[in-house]
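Next, two complexes with chain A in common: one pairs it with chain B, the other with chain C.
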Partner chain A sequence: MTGVATAKTRFGPALLGIGGLVAVLVLVEILIRAGAINRFIVPMPSEIGASFERVIVEEDVFGRFWQTMKEAFWAIVLITIVGVSTGVLLHRVTLLRRATETWVAALASAPTVLMYPLFLVIFGRSALTITMMGFVAGLAPVILKTIEGLSGTRRVLINVGRSLKLTETQLFWKILFPAALPNIFVGLRLGMIFALINVVGVEFLINFGGLGQLINELAERYDLAGTYAAISFVVLISVVFFMFTEKAERWLTPAN
Partner chain B sequence: MSVTPLPASRVRTQDAILVVDDIVKRFETPDGILTAVDHVSLSVAPEEFLGVIGPSGCGKSTLFNVIGGLLDGYEGQVSVAGDRVSGPHPAIGMIFQEESTFPWRTVIDNVAFPLEIAGVPKAQRIERARHFVSLVGLDGFEKRYPNELSGGMRQRVSLARTLASEPKILLMDEPFASLDEQTRLLLGDKILQIQQQLKQTTLLITHNITEAVQLSDRIVVMTYRPGRVKRIVDINLPRPRTSEIVSSEAFGRYVAQIWSDLREEASRGLRDTESRVLQSGERRP
Partner chain C sequence: MADAGKLTVAAPKPWADPVTAVRIVIVLTILLTWELVARSGLLYRDVVPSLLAIGEAVVKLIGQPDYYWHLGVTAGEIGTALVIGGLSGLIVGIALGGNRLLARAYEPYLYYLGPTPKIIFFPVMIMWFGVGPGSKVAMGAISCFFPIALSTAAGMRQIDKVLIRVGKSFRANAWQMATKIYLPAMRHPVINGVRLGLGVAIIGTLLAETKLSNRGVGFLIIQAYSIFDMPRMYAMLIVLFVLAIGANALVARIGGLDTIRQA
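After this line comes the complex of A and B, so read on.
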């Protein structure tokens, strides 16, 4: 009885999620077959399923997946290093924070993808342009959340450190940074979403490289089923990065 | 029962380990200069348990921060065994009113924190931390995180962490304020037991009369704003004590005596708060 209950708790949410997705796909299929949804705008889920083999065999989808994955990976690495460091710097230098925080917040909501012609001029039509576009798009939330996390450290925890005569460096690494980590991870997740959207978006716009280019090509050929199949690989990249971030967060903040 | 007259600075100063001498602390506020602590002097003898009690707003926490070295810009001086305090002093271990365990560390890692900062090797600090975890009665919870513990257990972790730094003086600011009365009494027992075992000099700041009488050898009663020493009461209850002492007749007399001193101050505080609320209401458009 306990075993059944444990299995329900463990697998229940996953089964419900998958079951819900299947139910939606079946519903869409029925609506398209019944003519309630135009099949020339939304392809049938069964057609998308059948197109996977074609997309894998003929379109080198795994090579493109890997290409997009690499661009997104380097963008996220840059976001993490530059974003967290800048957040720490702005937290420590009050004048600098007051001078720039509004601009950083504005950057978070700006459609940076429109800057792609500038990046093309600077870096050329290459993977570097795509990575840099992803980096710029995902940077602001990491900076903002790092500042928020560090500023939000409870005063009493800092006082514990001060009462134990911690140096400024010890205070940062032993108290401020661990206290800010949950917020930093929220920023990283947001930054990752923005970066991935921009990486695939710029691949699409400049017709270069990975899954974005494939989606562009398939859409231009009016291969709607193939387009949706390629999009599902973009979702897969997102899932991979989220799983990785979740693992890293569990490792760094085991109490959560 | 005896009531020691003022001034407090004359009480046992010659053999005191902690001397607070003529402290005045003022703050600038939008309504002008506020004197939080006004010419407060007190001293604590080695192994003594001194309680400081007063109504909200009497400057108890300001005094706590001054003694702990977390506040500067005051008149007067604080010294520990003759050594003037100018910033956090290694001989003073502080326990705060707010919950102060590190949520990202397990119980054992929380308690071992001061030893880690002191550079004690890992195996050695874990062994010593275990001793203090056991001392506060948290055996078996070493690998738990604070979010898995009750409020009382978390305060015991804070206590063990402070004790692990082996301070000469334990300075506590209303450590049980957020706990229910029963837990508070039981934790009081634990404090008494530890104090007896370690012969720990302790200064407890509180607004709870029962807690102050249960734990202290002497109680400093403070006035409402500005905070001054109103009276010092010697608590001549037998030691070792437990929470059972709260039902004794002598205990009741001490509580009544201190309340008679505090009632006037608490009433002043209440009237002051009410008038400030009224004034802020009048200012609001």
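After this line comes the complex of A and C, so read on.
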């Protein structure tokens, strides 16, 4: 295969994807200009593009981004500490694990974000509510993946540790925990994603905090182009965040 | 010996099972702690209502005809959202699963857009579909579209090539291929996608109802919050969680996912 053909195979689909996206934006622009789509409902893509600078400068997007990240960061810290330690506890106490593992799995699929009015009452309309919602949403996958990682440690590694007469603590820190780390990171990635989704979502719902509140405020002001630009910004941030965590997970997970 | 054999096959009493015993102890500890905190006055009054008050609220709630009307509105919105989001997800999933070029061009967008917080699109949905049930249906549809589309695309790619060759060797036309080969072969990934989609459709629809609505269960929850009727709010959350978990299990059972796990 020639170099040109290889490049075509490699970049062709990406170009098609971007081309399709651009074509849709151009079509929407034309339809709005032609009056086929109401411009008071859907702003022109060119208007949205132009409003990015205004939203970034006037609405202090980076300050709000920092606020959202702070809330998400503390949620992730709590998820890591509570999730990993609970996972370790459940792995060590088999009876407790057998009794509660299905409950943790049920928590993972339960619509916990709907409890936000309850958290509003308990913690008030504050950053703490947002952080705690992120924490609750991201906890279950970390617990489950920690248990899975520790339980999946190869028997031969544990036998090597025992033959070297390692104490239980040494066995945990030298063998079990390092072997479980890739799985723990998979759980942490899921937990981080759930936490970020819930942090931004609850910010929007309770009109408090960073990027979520920005979208709510712009929508309430009926700043159409600004609202679309802010939503695009949040989507962009989310996508970059997921791509980054995915790359980090691949880097941390050894190839089998 | 025969007696010993009988002893070993005798079914253990549920309370003698240590796992069940631990579960009962945990539940009782939580309930007892809750009641003690409720009576202690450590937290603001009514933030942690007594179990009796919550129990009464649950009984009162499920005895209210008005609640079922709101539940019907929410169920209708979720059902419509699942049909719209599910069908469009199925079509997009089949298109992506059946064409490598399209999959490589557009699947990354779906994959990365899937986990973004969908509720931020709600202002746009209000502008497009109004403040009524339309915008809630749209929220539910957007939420469930992504998992269903991605699961269908993955399921389509996992179909055994032998099945496809058998269909072609019988000279099956496109419709026959779709109904006799593709859809039955990817039933499980699709149902799994629908199960995931149902979960996020419930969340999307109810969150939208809590934000701006005058009907539905989400509206009732936020109404209970605004009048600080905590027992009612707890009762609604309990009933909602039970219904959500029940709906999830029902979809899994209909799709035969439970039988796969046992196999």
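Note that the second predicted complex is superposed on the first by the 175 of 256 C-alpha atoms of A that agree within 3 Å, B and C clash if a C-alpha of one lies under 4 Å from a C-alpha of the other, contacts with A are read in each partner's own complex, and residues count from 1 in each chain.
As a convention for this text, contacts are C-beta pairs under 8 Å (C-beta built on N, C-alpha and C of every residue); 3 or more make two chains touch, one makes a residue touch a chain.
Remember, predicted model here, so these are calculated numbers, not experimental data.
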| item | value |
| --- | --- |
| Partner touching more residues of chain A, whether chain B or chain C | C |
| Touched partner set for A:T100, first chain B, second chain C, both or neither | second |
| First, second, both or neither for A:K70, with chain B first and chain C second | neither |
| Partner chain(s) touched by A:A219 [first = chain B, second = chain C, both, neither] | second |
| Which superposed partner A:F242 touches (first chain B, second chain C, both, neither) | second |
| Residues on chain C engaged by chain A in the complex (per definition of touch) | 18-20, 22-23, 26, 43, 47, 101, 104-106, 108-109, 112-113, 115-117, 119-124, 126-128, 199, 202-203, 206-207, 210-211, 218, 221-222, 224-225, 228, 230, 233-234, 237, 240-241, 244-245, 248 |
| Chain A to chain C touching residues, read off their complex | 12-14, 16-17, 20-21, 41-42, 95-96, 98-100, 106, 109-111, 113-118, 120-122, 193, 196-198, 200-201, 204-205, 212, 215-216, 218-219, 224, 227-228, 231, 234-235, 238-239, 242-243 |
| Chain A-touching residues of chain B, taken from the complex the two chains share | 68-70, 87-88, 90, 92-94, 96, 98-100, 102-105, 113-114, 117, 145-147, 161, 165 |
| Parts of chain A lying in touch with chain B, wherever the complex brings them together | 154, 156-157, 159-160, 162-166, 170, 174-175, 178-179, 181, 253-255 |
